[in-house]
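Next up: some structures, all given as structure tokens.
Presented sequentially are two complexes of subunit A, the first with subunit B as partner and the second with subunit C.
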Partner chain A sequence: MTTLMYKFHQINLYILTDKMTVHSLYILSKSGGLIYQHDHNIPTVEHEKTFSYPLEVKLEVQNRNIVVSYGQRDGIKVGHTLMAVNGMKVTGQQLEDGRDAMLASMFYPLYALACQLSPEQRSSGIEILEADNFRMNCFQTLTGVKFMVISDVKQTGIDNLLHRVYEIYSDFALKNPFYSLEMPIRCELFDEHLKSALEQAERLGISNI
Partner chain B sequence: MSRQSMRANDPKKVSGELFTLTYGSLVAQLLKDYENVDDVNRQLERMGYNIGMRLIEDFLARANPAFKLYLGVSPSIGSWSPGGDEFSVVLETNPMAEFVELPDHCLGLRYSNIMAGVIRGACEMVQLEVMAWFIADQLKGDNVTEIRVKFVKRLEDAIPAGED
Partner chain C sequence: MTIYNLYLFDRDGQLLHYAEWTRNKQSGMTREEEAKLMYGMIFSIKSFVTKVSPIDLREGYLTYTTNKYRLNLYETPSRFKFILNTDVHAQGIKELLHQIYTQVYVEYVVCNPLCQLNKPIESELFAAKLDEVVKQSPAYASRPA
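Let's look at the complex of A and B:
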């Protein structure tokens, strides 16, 4: 008779409720290239649980994240995102390199198409795109730079946020003498200010930021 | 609160004198390096052009009068050409040249030529090709400082969708 040895691993699941309000931000240069992308995740409610094998919850991959699909228990609900296992961060399924850039750049011709389709002359193109679980706001400057924010449908004050991001772009990217136009923005000060603007927009959710 | 004291309390504002001194030493160094005033004029214009391309976004993001915002003066606009494609920007005082006296050997120097470049660079980013040049300069004994701006053409292929 053969016996099988099972090794039991204790797995710490670090589970996060999906309550982000501003999901991500994209900046497209005037020639349509993606020059900045930021995924904004704020952990709101966190649960840390120790499970032993086999897992009592079922996980599956959804929208680049690993989420709970079955087995609601101890505050962990279906739809929560797995953040870490044994202290190691779970980054979810990342899009392969360049796919973000490709997806974002795809918006450029769509925008131009919308302008052409418009029955009225001088249409502004796509400003808001709304789905049942997210909304995309786009703001194009006179110079042709596009700022796009993807947020929860309930999030308000996005217009102000977009304007604030424009100011941050003009300050911390363009006024940095070592930033070259049309190139991806890699400026720490820009990142910092952007993050705080996003957080503020989420906290207030209202018009004044 | 008066404007002066507001300025003094704003940590982001630097002294205007520091700015004029910095610009002065830049021009002086360029003169030393190039020795030829035409080259210096060209370099200043090119620097201004690069500044203008960036500054336009700041101007659009804040929507304040540009000369007031960046130089603290309010120029008047006038002398429109009959075709309406050319005008003058007239500055009663030029804050950049407050302490400057042009030496005899560089009378051809357009000291504030960086401004002409800024105007050209900024307009180009909003799809307007313009020419900008100085036609009067207080440093050369004129009553006012005057920049002439001439519209050349709309840069059609650079116009972003939805802005035509």
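Let's look at the complex of A and C:
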């Protein structure tokens, strides 16, 4: 406890100003296995501030992040997320290993149930799942591969993004001679293109509003 | 626009009421079986949503959309679940479900001393009022003939 107090004498806070709009992307193989997962955590605007103890802002854990709850000052506003302290990354509570795979495979039966319980003939499975604070879009290809994007409800253009990701998957994963179907995707080119597609989608999505 | 059907579950997953208006496909099983399947799906969706959500949920309202229909789930603080299937373009379903809860369920079931809260609703008045509220809603009225 005493060492912890000492560390608080000088603190650099990196604070995230804008909410990121695309949270994560999952790719499920046709048998329901998770073959790719990407957490998109690019802060759009960062503030770096030096504080001395006692802190002039009040922080609290909210939704797996450390968030400013009181004390608006110098461009740092209530609701901003603390990213790092003294150069050390603050990540909040992280998903444990294997939990993502479980989440992805949880979705697979839900998709099938949604068809079965449909009041209308020949319905597809879940395409958009929307709660009050996030939206999940799912795109299933003809071959049964599912692309899922979890984003902010305000993010637009997710359909285009999903098709773009499908293209990238075909170009850089399927055409890669070292990639075997149903296996996790580990291709650098795929990663790079995916990242730029996500960034582009966020930029376009924001300017559309 | 169309409203297909409504399920009302209590906090234990018991089907309290079922109503349908336009249903073009039956699931091919008994009502109890279907209710169990529906409750099971809702239960899993809810746990999926709480796990996958980047931030905590604030209200008990969520929807999912397929290419043919939309399922709207409204959960009251007492964990009663109102599930309404509509077409994908229906608007204002959240308000409609809230209205069904406050103006139909509370008025004609909770305030009715003859209705037991943990038993399937047998009140005809409730069914009639529910039908009336749904048929008056813009989402139902504007459906093509």
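Methods note: the second predicted complex is superposed on the first by the 196 of 209 C-alpha atoms of A that agree within 3 Å, B and C clash if a C-alpha of one lies under 4 Å from a C-alpha of the other, contacts with A are read in each partner's own complex, and residues count from 1 in each chain.
In this text, contacts are C-beta pairs under 8 Å (C-beta built on N, C-alpha and C of every residue); 3 or more make two chains touch, one makes a residue touch a chain.
Since we're looking at a predicted model, the values are computed, not measured.
Student: Check subunit A with both subunit B and subunit C modelled on it and let me know: fit or clash.
Tutor: Fit.
Student: For subunit A, which side has the bigger count of touched residues, subunit B or subunit C?
Tutor: More residues of subunit A are touched by C.
Student: In the superposed arrangement, does A:129 touch subunit B (first), subunit C (second), both or neither?
Tutor: second
Student: So in the superposed three-chain picture, is A:107 touching just subunit B, just subunit C, both, or none of them (first/second/both/neither)?
Tutor: Only subunit C; A:107 stays clear of subunit B.
Student: Should A:181 be classified as contacting the first partner (subunit B), the second (subunit C), both, or neither?
Tutor: Only subunit B is touched by A:181; subunit C is not.
Student: Applying the document's definition of touch, where does A:23 land relative to subunit B and subunit C: first, second, both, or neither?
Tutor: second
Student: Under the stated touch criterion, which partner chain does A:117 make contact with: subunit B (first), subunit C (second), both, or neither?
Tutor: In the superposition, A:117 contacts subunit C only.
Student: Now for A:141: first (subunit B), second (subunit C), both, or neither, which partner does it touch?
Tutor: first
Student: Taking the superposition as given, does A:167 touch the first partner, subunit B, the second, subunit C, both, or neither?
Tutor: Only subunit B; A:167 stays clear of subunit C.
Student: Once the two structures sit on chain A together, report how near the CA atoms of subunit B get to those of subunit C, whole Å.
Tutor: Shortest inter-chain C-alpha distance (subunit B to subunit C): 10 Å.
Student: Indicate the residue numbers of subunit A shared between its subunit B interface and its subunit C interface, in ascending order.
Tutor: Common to the two interfaces on subunit A: residues 115-116, 122-125.
Student: Can you list the subunit A residues touching subunit B in their complex?
Tutor: 30, 111-112, 115-116, 122-125, 140-145, 163, 166-167, 169-171, 174-175, 181
Student: Within the complex, which stretch of subunit A touches subunit C?
Tutor: Counting only subunit A, the residues touching subunit C are 23-24, 62-64, 99, 103, 106-107, 109-110, 113-134, 136, 150.
Student: Can you name the residues of subunit C that touch subunit A in the complex?
Tutor: 4-5, 20, 22-25, 27, 34, 37-38, 40-41, 44-45, 47-49, 51-59, 61-69, 71, 85, 87
Student: Where on subunit B is subunit A touching in the complex?
Tutor: Counting only subunit B, the residues touching subunit A are 53-58, 60-62, 125-126, 158-164.
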